[in-house]
Amino acid sequence: MSFWEYANPKKFMSFTAPILPVVTIAALVCLVSGLVWGFFFTPEDYRQGSTVKIFYIHVPSALMAINAWFMMLVASLIWLIRRHHVSALAAKAAAPVGIVMTLIALVTGAIWGQPMWGTWWAWDPRLTSFLILFLFYLGYVALWAAIDDPDTAADLTSVLCIVGSVFAMLSRYAVNFWNQGLHQGASMSMDAEENVADIFWYPALVAIAGFVLLFIALVLLRTRTEIRLRRIRALETRARRA
Amino acid sequence: MELVVTDLACARGGVPLIEGVNFRLKEGEALVLRGANGIGKTTLLRTLAGLQPPLAGMIECTEDQSAYASHADGIKAQLTVRENLEFWASVHGTSVEASVFEAFDLVDLRERFAGTLSAGQKRRLGLARLGVIGRKILFLDEPTVSLDRFSVKLFADFLKEQHLAMGGIAVIATHIDLGLEAPELDLEPFRAAYDAGGSSDEAFL
Amino acid sequence: MELVVTDLACARGGVPLIEGVNFRLKEGEALVLRGANGIGKTTLLRTLAGLQPPLAGMIECTEDQSAYASHADGIKAQLTVRENLEFWASVHGTSVEASVFEAFDLVDLRERFAGTLSAGQKRRLGLARLGVIGRKILFLDEPTVSLDRFSVKLFADFLKEQHLAMGGIAVIATHIDLGLEAPELDLEPFRAAYDAGGSSDEAFL
Amino acid sequence: MIALLLRDLRLAVRAGGGFGLGLAFFLIVVVLVPFGVGPEAEILSRIAPGILWVASLLAALLSLDRIFALDYEDGALALIATSPLPLEGAAFVKALAHWITTGLPLTLAAPALGFLLNLKPEAYWFLFISLALGTPALSMIGTFGAALTVGLRRGGLLMSLLVLPLYVPTLIFGAETVRRGAEGLTTTTPLVMVAGVTAGVFAFLPFATAAALRINLR
Amino acid sequence: MIALLLRDLRLAVRAGGGFGLGLAFFLIVVVLVPFGVGPEAEILSRIAPGILWVASLLAALLSLDRIFALDYEDGALALIATSPLPLEGAAFVKALAHWITTGLPLTLAAPALGFLLNLKPEAYWFLFISLALGTPALSMIGTFGAALTVGLRRGGLLMSLLVLPLYVPTLIFGAETVRRGAEGLTTTTPLVMVAGVTAGVFAFLPFATAAALRINLR
């Protein structure tokens, strides 16, 4: 049986029903352990002091914010190509989660910025590109909200998501060109040890795993809700016509 | 040239409306669609015209020969009657003969801005478009709305003499009698069952 | 209550169209306006409804009792059928009785968004408004456009039984036969002379 | 009147627009300016009051053309005109609805967005109060402009031409209030002026608006 | 195609809009900013490039919603879709018409307006060239946004929400060109980027636009 069979709503529901609680619990475990570890069992950074600990929320949320959009892009493509309703609904479900992640990254970043850079907000390229990402999320959600016919909405938002992704990359580049910032470079690379010491590093990894799992759990939950809503809608229409 | 429709089913807003429609029209033949309000005439015509995909079934008709005309006939208030027609003509790579203005009694409205026309005059202009674009297969949705008897007659004559007689095909949805002897198709028997397949929600039931 | 029109003349776009119209309608009487497309039925009705000033003549009718209904009947696509009617009801300080939905066969469309209605269903909704606002003098411009025979009958019955029978007055412009025994007024003889006075350009001639 | 207000609000929400959009537009403009002007903090904080006011003005502007256009096209306006509802009241309600959907959320959110342009902390309160007093005038003036241009398809741009000059006094006094507030100067005069303009506008424009509508409905 | 272009231009002129309006709006925004920001010359000349670009961007934005809305409402769009004219072509032509009515006059006039914000003399040429290269992209992107929202009445605000983020790259590179030009730095990179964005946009968006239209016409 092919992987696509799970794209059938009923199959998807029955398949994810048992998975959801597992993922949720795993997410909570990772989050709690990672954050507690990070907050209470790591030494204070010699430069940044205790403020460094916000790192354990800031980075994972920032990463998830980006990956959420990526997941939406993939789901949109699947919908456009294979017309699987679930993938469209999954994209719809992921957007608000992505928005929240972006907001967390922005807010924690701003809070972090106060002690570090002495300002809540600086037009630093990465901060800015996150702001732009936030705008893209807003537009995407607004378009979903504006169109009543679900299939039309799915199609249009997919088109928007694809075009938007291209422009998001462009903007990222443009913003970097526009202003070289004070934000540190990516440390998610293989040579991570160079920027961040292992002691800070391992709890961060756990926290990131926690955020990933949390994201999956939330998207599953919301997708299931969307599917139920569609089902209700379908039943109502049929009832009206019967 | 022929229009062949087999087992056609179509939906609106994700709701299947009519199914199992079959007919075949040869050159010079017309078909009049009948049915209560809301049964799906407009939907069927839009499907035939290729504006929306059919749920099921086949529509065989020569490419680029079909034209669709509905209540909204794309008239620009800021253009004169002539300019409106000339635009559609040049889009279809044809030209506007004077005969069209006579056929639809638009001669002395030729230079009037379309926005200043009365309901029926606007309608006549919308129909005159059909005489201009030179398409052979017409899908007409209530073409005679708000036309007076005289204009209805004008239109019927145009259909008979300048379209069907020249090997054209026409599918017309209307509630009134056009006075052209064409077979009628009542859509009532083709009403889709309430649990008919193909609805966009189907996967969720 | 009475509607008295004396020597009425009206213009559209500064052009005098009809002049010398006289009639008097008492409670429970209806008048059907006839005339070719573009003769001035809509203009006349808009004048009677007070949407535009008459060129000459008098219109005597009880204040705040007249309602106007035309091709454009102010339906909001994003509101449901019920919400649309309720809005107009509350604007006129009345309320929507269930009977209205039956009278216009809208019962099972009640919760549908008006935007998803078919042409005829929309029209029925537009007419249902008249049953809601409780005005006694109706000016109707081609009320039955794109209605099927059954719905036309519905509307005629509504007019007869729930409007005229209750002492209402109606002036109706239409091209088809509504099947209500009312006097007809053909506007042809009232067509304004090409040099009729009152045109907004007159001062320049 | 209430019915009309409720309907307009409901339509605004249903049409997917609603309260969020004006806000989002405001946010975007505020974000765009630094892209154009450059990221230097001190310059931004110098121009912040002006930009914030101009942005909220544009946000109000962008949703104007629909105030009457839709009701005109689908004939609802003619029906309202023949209904017992006085057109003056309708005009007022329309302006009110527009303010509730754009001006109000904007006023509440503007201070929160101030920090994007490093607005001086002292200025936040003045930004809020000046917007709260000024935005209703923007809506009412805009409604008047919308009434003037309702007859014309694609009147949008023309309307903004008519409206923007009328916005100037409110803009000047509003921005002035914030600027003075930021520099710790006394702000009573400009604030009073903002309030005065708003009061005057609401006293007279509903009638002008209704007149314009009647003319356009002929 | 030519026919469609001519019709759109004619309509733009007839509808009392035409070439003037976008320009006038541009002018007004440029005038409003000093009111908001205050008259200090040196600040104005610092922010001039950015403001000029943001203003032209908004001017382009304001006339977008009518690109397809009217043709959709009166059914012309459906008729065009069933005509021999390929929708992609129509989309391109629409964008072109929009550029001719807003972008082009703006480009020609912007330098003249620069002095209102006492833009540095060196910058004029760069302002002109960057607008000339950038505004077509604005029109094409806007056409795409208009196609996405054509189905919705009062889509105007939503559309701007969708479109403005897409404008960011063009805006940044455009304004950067002018700023660098004003400071006498080298401007090749941003200029090339502006041109590149425009080229890419015209290569791909017509198809996305046509797709969106087809979906909305269903």
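The letters A, B, C, D and E name the chains in turn, as written, and every chain counts its residues from 1.
One rule holds for everything that comes next: contacts are C-beta pairs under 8 Å (C-beta built on N, C-alpha and C of every residue); 3 or more make two chains touch, one makes a residue touch a chain.
Just so it is clear, the model here is predicted, and its values are computed rather than measured.
J.: Looking at A-B and B-E, which one has the bigger number of contacting C-beta pairs?
T.: When the contacts at A-B and B-E are counted, B-E has more.
J.: With centres defined as the mean of C-alpha atoms, identify the chain lying farthest from chain B.
T.: Relative to chain B, the chain whose C-alpha centre sits farthest away is A.
J.: If you average the CA coordinates per chain, which chain's centre is most distant from that of chain C?
T.: Taking each chain's C-alpha mean as its centre, the farthest from chain C is A.
J.: Taking each chain's centre as the mean of its CA atoms, how far is chain A from chain E in angstrom?
T.: Distance between chain centres: 32 Å.
J.: In angstrom, rounded to a whole number, how far apart do the mean CA points of chain A and chain C lie?
T.: Measuring from centre to centre gives 57 Å for this pair.
J.: Please work out the Cα centroid separation of chain B and chain C, and write it as a whole number of Å.
T.: The mean C-alpha positions of chain B and chain C differ by 28 Å.
J.: Report, in whole Å, the distance between the mean C-alpha point of chain A and the mean C-alpha point of chain D.
T.: 34
J.: Where in chain C do residues touch two or more other chains at once?
T.: 71, 78
J.: At which residue positions does chain D touch at least two other chains?
T.: Touching at least two other chains: 11, 15-17, 21, 24, 28, 34-35, 38, 73, 153.
J.: Please set out, as single numbers or ranges, the residues of chain A touching at least two other chains.
T.: 132, 135, 138-139, 142-143, 146-147, 178
J.: Of all residues in chain C, which touch chain D in the complex?
T.: The touching residues are 49-53, 64, 66-68, 70-76, 78-79, 83, 87-88, 90-93, 129, 133.
J.: Spell out the residues on chain D that touch chain E in their complex, using ranges where they run on.
T.: Listed in rising order, the residues are 11-12, 15-17, 21-22, 24-25, 28-29, 32-38, 43, 46-47, 49-51, 53-54, 57-58, 62-63, 65-66, 70, 73, 152-154, 156-158, 160-161, 164-165, 167-168, 171-172, 175, 179.
J.: Which part of chain E faces chain A closely enough to touch in the complex?
T.: Per the stated touch rule, the residues are 144, 148-149, 151-152, 155, 158, 161-162, 164-166, 168-169, 172-173, 176, 189-190, 193, 197, 205, 208, 211-212, 215-216, 218.
J.: Sort out for me which residues of chain D touch chain C in the complex.
T.: Going by the criterion above, the answer is residues 2-4, 7, 10-11, 14-15, 71, 73-85, 217-218.
J.: What residues of chain A sit close enough to touch chain E in their complex?
T.: Interface residues on the chain A side: 132, 135-136, 138-139, 142-143, 146-147, 152, 155-156, 159-160, 162-164, 167, 170-171, 173-175, 177-178.
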